[in-house]
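Dropping the structure in here first, questions after.
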Amino acid sequence: MNNDLFETGLTNRRAVLGTAYVDASLAAATDFSRDLQEYVTQYCWGDVWDRPGLSFRDRSLVNLGMLTALNRGHEFKVHVRGALNNGVTRDEIKEVLMQTAFYCGGPAALESFRLAQEVFTAMDAEATAGAAGA
Amino acid sequence: MNNDLFETGLTNRRAVLGTAYVDASLAAATDFSRDLQEYVTQYCWGDVWDRPGLSFRDRSLVNLGMLTALNRGHEFKVHVRGALNNGVTRDEIKEVLMQTAFYCGGPAALESFRLAQEVFTAMDAEATAGAAGA
Amino acid sequence: MNNDLFETGLTNRRAVLGTAYVDASLAAATDFSRDLQEYVTQYCWGDVWDRPGLSFRDRSLVNLGMLTALNRGHEFKVHVRGALNNGVTRDEIKEVLMQTAFYCGGPAALESFRLAQEVFTAMDAEATAGAAGA
Amino acid sequence: MNNDLFETGLTNRRAVLGTAYVDASLAAATDFSRDLQEYVTQYCWGDVWDRPGLSFRDRSLVNLGMLTALNRGHEFKVHVRGALNNGVTRDEIKEVLMQTAFYCGGPAALESFRLAQEVFTAMDAEATAGAAGA
Amino acid sequence: MNNDLFETGLTNRRAVLGTAYVDASLAAATDFSRDLQEYVTQYCWGDVWDRPGLSFRDRSLVNLGMLTALNRGHEFKVHVRGALNNGVTRDEIKEVLMQTAFYCGGPAALESFRLAQEVFTAMDAEATAGAAGA
Amino acid sequence: MNNDLFETGLTNRRAVLGTAYVDASLAAATDFSRDLQEYVTQYCWGDVWDRPGLSFRDRSLVNLGMLTALNRGHEFKVHVRGALNNGVTRDEIKEVLMQTAFYCGGPAALESFRLAQEVFTAMDAEATAGAAGA
């Protein structure tokens, strides 16, 4: 493993997906899944996301479109949270998904709207729980 | 057909893809393909692209990612030109495609790099021919 | 929004998917998802499904094949009910899915058989509950 | 190989795709590709297409939708000819493709319209050549 | 139905997926799904898997890659068990999935790692329960 | 760039795809495409292909299946040559593709048979030309 790439990746991944989420992912890694965690952290987050030519916000927009097209709901939900962390608003997420309706087809857009709504609902519940706990 | 939607769409489509390209597409429409041209112009360009919540530049970034994921090379090339018209630079196109390498996989990225390079080469030849003809 | 297109779409959508289902979808729409509901109702149901060149039954057959190929299970189940409403029999649904086994591959067909069976089981339970309640 | 299944398949395949096309495919088979030709002829044409529960015309409609969704242009073109042989009109092919525009997305529909148009143009040229030769 | 092909297929299918699993699948078949069970058993297991040119182990490796690419999670899990029965080790399954990370993209690999881990966890629990029951 | 990873990758890539092919790819790299060449060489060939847990032959079998499923014809052809270099025979390539016929569907298999045949024909012509030139 390349430690520099891994450390850079860890910083970027935490910035986008949140420290709690990333640390939980790494802590949950088993002998079976650890190599993939390292692959993803180094090459996706330590290389691609570290490239200066496009902002985190722009990369999030692209990801929402790609993950809808690829039909990968789990990662799509992860990147809805990432997009919000990167300054994409809920209304802008709506705009990307309206665009998927034409290019990827209606069923793809309907699915991503449902999944994004699930993320928003969960986040709103977390915020309420957090406020109640304060 | 909804004429307002079609006219709005025509304006947006020409702004992104160029008047020459769009007028050629419409002129080439046959009894077989005319309805689809009207569908695309109204709903994609007259509705989705006319929504104010996301800039043309941002929509182009999303399209480059989606069309790579969807494996639709012909439309991808059309939208490489569209992206450049919308202010996306060649370096930013490269960045989107580097991102597709991780999310859509290497073969998808290699194909889109090839197709984008074909567009750039054709555009450079057109520019040279245009300069020579001046 | 184009009201004529929306009203036409609403009529077609209710005819295929049932008034209860469609009204629940629209009532559940939020500020986030309302625009997509309007997009789908207008352009899919108010335009494509309103075209006279193909019967509702034929369009349902095509949808069962496309949604299996696209791997969009949620919409597939919606359109199994739609197909039955449009006069496609359970045996004809089986025939379409046998055909997906060759063209889309075995795993796609196995998934659609499971999903269709889930719909049939739910409908049979609803019918029993309805009969018991009468 | 199961000879009954193969003979039944050959009859169905020729009925849909034309004797000339099928015989050329089989004649072109090499040691490398012969087994696949036999697989396709037996299981697709000798089994699926031989099932009585759905007409050839209906199966052609489903195929046009599936092959567009699957992004398999070569087989799509083969089945445009097959659809016409099975009594699907050019206008009905248009209708299926208008439906793919919503469900599979615009780029998929645009590609299938182009490919279908290529088939029609080739067939019209063949008809003209045939008439001239008469 | 071709009884020879079906019997051969049944033998191969049981050898790979386990007698208990296969017999449960066949017993659960309804009038709706029986034809597909016969199609799969004859043509996939009685023909393709019966071909001598590639070992069961090699075919399992190919399946893990294909099913990840095809995004068919249910069948992927079935074939994780099949691969182990065919002598593929958990470490070799990891290797195939590390390879999907590059070719199919990160989200596809992450999903297959999750699904494979679910299978391993279930199998370990079954083994513990079996040992406790002994 | 990580030079160790790149050099390791270059060695593996040349071993599989041939020195002439790889050196031509790198020499053809432009400012636009160079970063992707480095990404592919480092992470795919310097990491994934360098992992000892699976032989080159086994990785080639998996690639033929994945690339058929992913509908990426250009890379598929590259990896047909790679598979032969890694000791996979033409008959074994046929076996993998017969297996794709069931899992990925007939149209996917037909396309890969055509592409593989094109590679074989080109290689046979190269061999004849080489022999004639000797």
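A, B, C, D, E and F are the chain letters, set down in written order, and residue numbers restart from 1 in every chain.
Following the convention adopted for this analysis, a contact is a pair of C-beta atoms (placed from the backbone, for glycine too) under 8 Å apart; a residue touches a chain by one contact, two chains touch by 3 or more.
Keep in mind the model is a prediction, meaning the values are calculated, not measured.
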{"item": "Common touching chains of subunit F and subunit D", "value": "A, B, C, E"}
{"item": "Identity of the chain that, by mean CA position, is farthest from subunit C", "value": "F"}
{"item": "Between subunit B and subunit E, centroid-to-centroid distance (C-alpha), Å", "value": "42"}
{"item": "Chain centre separation (subunit D, subunit E; CA means) in Å", "value": "32"}
{"item": "Residues of subunit E touching at least two other chains", "value": "39, 43-44, 67, 70-71, 94, 98, 101-108"}
{"item": "Subunit C partner contacts - residues on subunit B that touch it in the complex", "value": "2, 5, 39, 43, 47"}
{"item": "In the complex, subunit E residues that touch subunit A", "value": "71, 90, 94, 97-98, 101, 105-111, 113-114, 116-117, 120"}
{"item": "Residues on subunit A engaged by subunit D in the complex (per definition of touch)", "value": "102-108"}
{"item": "Footprint of subunit E on subunit F - complex, ascending", "value": "43-44, 48, 51, 53-54, 58-59, 61-70, 91-92, 94-96, 98-104"}
{"item": "Residues of subunit D that touch subunit F when the two form their complex", "value": "30, 32-33, 35-36, 39-40, 44, 67, 70-72, 74-75"}
